[in-house]
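Contents: one structure, followed by commentary.
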Amino acid sequence: MIDKTVPDLAAAVAGIPDGATVMIGGFGRAGQPVELIDALIAHGARDLTVVNNNAGNGDTGLAALLAAGQVRKMICSFPRQSDSWVFDRLYREGEVELELVPQGNLAERIRAAGAGIGGFFTPTGFGTQLAEGKETRRIDGRDYVLEYPIRADVALISARAADRWGNLVYRETARNFGPIMAAAATTTIVQVDEIVPLGRLDPEAVVTPGLYVNRVVAVGERPWVRDGAFVGGVDIEGRPLAEEGAQR
Amino acid sequence: MTTRISRAELAARVASDIPEGAVVNLGIGAPTLVADFLPEGLEIVLHTENGMLGMGPAPERGRVDPDLINAGKQPVTALAGAAYFHHADSFAMMRGGHLDVCVLGAFQVSAGGDLANWSTGEPGAIPAVGGAMDLAIGAKDVYVMTDLLTKGGDPKLVTSCTYPLTGVGCASRVYTDHGVFDVTASGFRVRELFGDNTHEEIEALLGLALIEKDA
Amino acid sequence: MIDKTVPDLAAAVAGIPDGATVMIGGFGRAGQPVELIDALIAHGARDLTVVNNNAGNGDTGLAALLAAGQVRKMICSFPRQSDSWVFDRLYREGEVELELVPQGNLAERIRAAGAGIGGFFTPTGFGTQLAEGKETRRIDGRDYVLEYPIRADVALISARAADRWGNLVYRETARNFGPIMAAAATTTIVQVDEIVPLGRLDPEAVVTPGLYVNRVVAVGERPWVRDGAFVGGVDIEGRPLAEEGAQR
Amino acid sequence: MTTRISRAELAARVASDIPEGAVVNLGIGAPTLVADFLPEGLEIVLHTENGMLGMGPAPERGRVDPDLINAGKQPVTALAGAAYFHHADSFAMMRGGHLDVCVLGAFQVSAGGDLANWSTGEPGAIPAVGGAMDLAIGAKDVYVMTDLLTKGGDPKLVTSCTYPLTGVGCASRVYTDHGVFDVTASGFRVRELFGDNTHEEIEALLGLALIEKDA
């Protein structure tokens, strides 16, 4: 029997070595695999290269991984945000390197890695600082930059549900980088709200087929979802509204 | 004194040029305002590059869904007819020219349509580009929405950009607080001037020759 | 109101000019938009370049379009089949040109056209006749061939259901080339079993978002599907089994 | 006379090397037979390049579904756990190295792992390649399944292919009716010989030096 589920978060991140390139899903907080990141902090792997759209928000998730000093380099498109103080400090102190990639090129480079494409000509970034030193070519009257795949040793992503083969479905815009990162990493580790019986996911609606997935761990539903349906009652950071009120 | 319209009026002016059925991406910041002025009853399909078409307005308190956000990471809703997709598919839509309109902010736009809106090139600043370069080349029409002048009075419509570029020759039209300008092969052409603003006044403010409206 | 539905097949194919490049979905018979092809035959556009995985089966669909003499060139991966007699004859008589493309490169070239990629390095075909004369490059120790996008004026595809915005869902392996051809053509024309009210399609399960679609025409359910569910009772060509028996 | 096993026995031999959990593409023709010999009760995920993982056996008469076919355009079924995807995604899986095993037929395989299986180069023949070139480079292991000799008695394991290539250095193992051979950096190494076949007999049939099984 194929069974990619693992019993807990520690088992999910076991074996991630120092120096690994780790893709981490999510756009801002949506789709960010916070529980897996916390497990990676506990696991302690260091000297990581992290690929994510951003460079952490607030003090949790990716920001906490950065704060723990485990990240040597960030590859991302949008590090500077109103709540990216952890990255900002480390960057200014020279504690973390940055490779800045336009968001669509980041996505396409990740996609290329998973799809076995050796390189591709993209119009994005042509004539800008972010294409300096890169090969360019005019094709059919349009100017392009040659970009190469971004591969990873490990992907940590978040999905709504999985079955034991590792088939995944996502939820709304939390899908974002999950499907392409799953295909671009040697070992893909997924946290899901729930693991459903094989055959429960509609084969027409599976977004990430199981062959891209190595380990799945269930972390329970988020406060704003019950039995797969949206119930609301939280703020944009997912905190129950009552609690938010209490904090004022 | 020249006539300047407000940010909200400018958003309404941009919105009035978007036809029914258009697929539109509104950039972070001022362009997001355009959504509030799209004519009621007309179906315009909003794209958000983090993976959705058919984006609706912000939800009420209590209905905020942290999984359903726009590119500015604000909570949004989904209209009937919406679809979700992953990041590579989302940017393929833009890069492939399938969007009708992108509306973007700017530090500078050049007479050749070059756009600078992602970096002021300040030494020591942490660079961040996000989807700006993809959006700049990501629609049949790229509308820039900006003040004519910086707060310090410097022109934002220029012969050539001094700030780092976001895209080359990508802007098709510039909506400013003073008027609207088309980017043509021969430079900016006046499309509309607000209030009593005259061609000569705007040229003087910009220190730049503009093509006459009817030329 | 956005309404991409058209009342009939003639309206669906109206305006396709002579000399057009036309992508036609389907892998063999699965997903082949037979009714749209019949409409294109009736419409009469000539001198077409057709992009399809195959070059027609039997005497219907794409084979009938070839037999009608409307096709100048085929771009495909697998023209020669047990029932490709129409293409075989025209090819031997020099009546139709052939550009042969490995199937995965065909798919990726179509995908590149829709995705705004100017060219890409693929390992498929390296060192073979089908890469002769093409630019090659060794990247990270692997050999690649540079391939360019295949664009089309028109795509004719088949899907299970659409809404009036043109959002599409497919059925099983009839999905095949539909989603990538829809994105690669200037005008995408779709035949569907049924047009459903806006909001009926699950936004998580829409495969082709409506922005890729220009015209949708409903042609009714196939004999083996009732109310969207498989009911069987046909042979592989979709002929009711009783009828098949009667023909013996 | 050397020992030859039947096509069905060969398919069973290939099947016995496929471990549980493997994702496998079985090429058109003889490789398709392998599916019939996969051990019952083990979960092996079959990929068909026309857009499906989790392919099941042929349906009964009356349950044939023209929308659900394999790459050979034969009717198949979907197992629990199946997923559908479009052609670009399907070939991305192969090209990206996500399949564990492809099993392919061959006209010739060279000692360097070159495979020729799509064209005999006959003048006037209508060429057709399909997914052959993608499959040839499309898995961690590419198993070739073929007779050792052509019907005319010519070796199909050769120093270098004379037929047009499908892929360069792509084959990892060759299953033949006489025995099984691994492709190594120094040429074919005997993995297994069927019946009483000897190393020397096979070398004589092939006119080719083989590396000893235990070397």
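The first chain written gets the first letter, and so on, giving A, B, C and D; residue counts start at 1 in each chain.
Here is the rule we go by: a residue touches a chain if its C-beta (ideal position, glycine included) is under 8 Å from a C-beta of that chain, and two chains touch if they have at least 3 such contacts.
Please read all numbers here as calculations on a predicted model, not as lab measurements.
Peer 1: What's the fewest number of moves from chain A to chain C, given that each move must go to a chain touching the current one?
Peer 2: Contact-graph shortest path, chain A to chain C, evaluates to 1.
Peer 1: Compared with chain B, which chain's mean CA position is the farthest off?
Peer 2: D
Peer 1: Could you state the distance in Å from the CA-based centre of chain B to that of chain C?
Peer 2: 36
Peer 1: Where the centres are mean C-alpha positions, what is the separation of chain C from chain D, in Å?
Peer 2: Using C-alpha averages as centres, the distance is 28 Å.
Peer 1: Averaging only over C-alpha atoms, locate the centres of chain B and chain D and give their separation in whole Å.
Peer 2: That gives a centre separation of 54 Å.
Peer 1: Going by the contact rule already set, what residues in chain C reach two or more other chains?
Peer 2: 108, 111, 115-117, 122-123, 170-172, 203-204, 207
Peer 1: Listing for chain B: what residues touch at least two other chains?
Peer 2: 52, 78, 84-85, 92, 94-95
Peer 1: Where do chains touch, given as pairs?
Peer 2: A-B, A-C, A-D, B-C, C-D
Peer 1: For chain C, which residues count as touching chain B in their complex?
Peer 2: Listed in rising order, the residues of chain C that touch chain B are 1-2, 111, 113-117, 163, 165, 167, 183, 198-199, 201, 203-204, 206, 209-212.
Peer 1: Chain C touches which residues of chain A in the complex?
Peer 2: Those in contact with chain C are residues 108, 112, 115-123, 137, 139-140, 142, 144, 148, 169-172, 202, 204-205, 207.
Peer 1: List the residues on chain C that touch chain D in their complex, please.
Peer 2: Residues 27-31, 53, 77-81, 87-88, 91-92, 98, 100-108, 110-111, 122-130, 143, 170-180, 207, 222, 224, 230, 232-238, 241 of chain C touch chain D in their complex.
Peer 1: Any idea which chain D residues touch chain A in the complex?
Peer 2: 20-21, 23, 43, 45, 47, 52-54, 78, 80-85, 92-99, 137
Peer 1: With touch defined as at the start, can you tell me which chain D residues reach chain C in the complex?
Peer 2: Listed in rising order, the residues are 48-52, 61-69, 73-75, 78, 84-88, 90-92, 94-95, 114, 119, 124-134, 137-138, 164-168.
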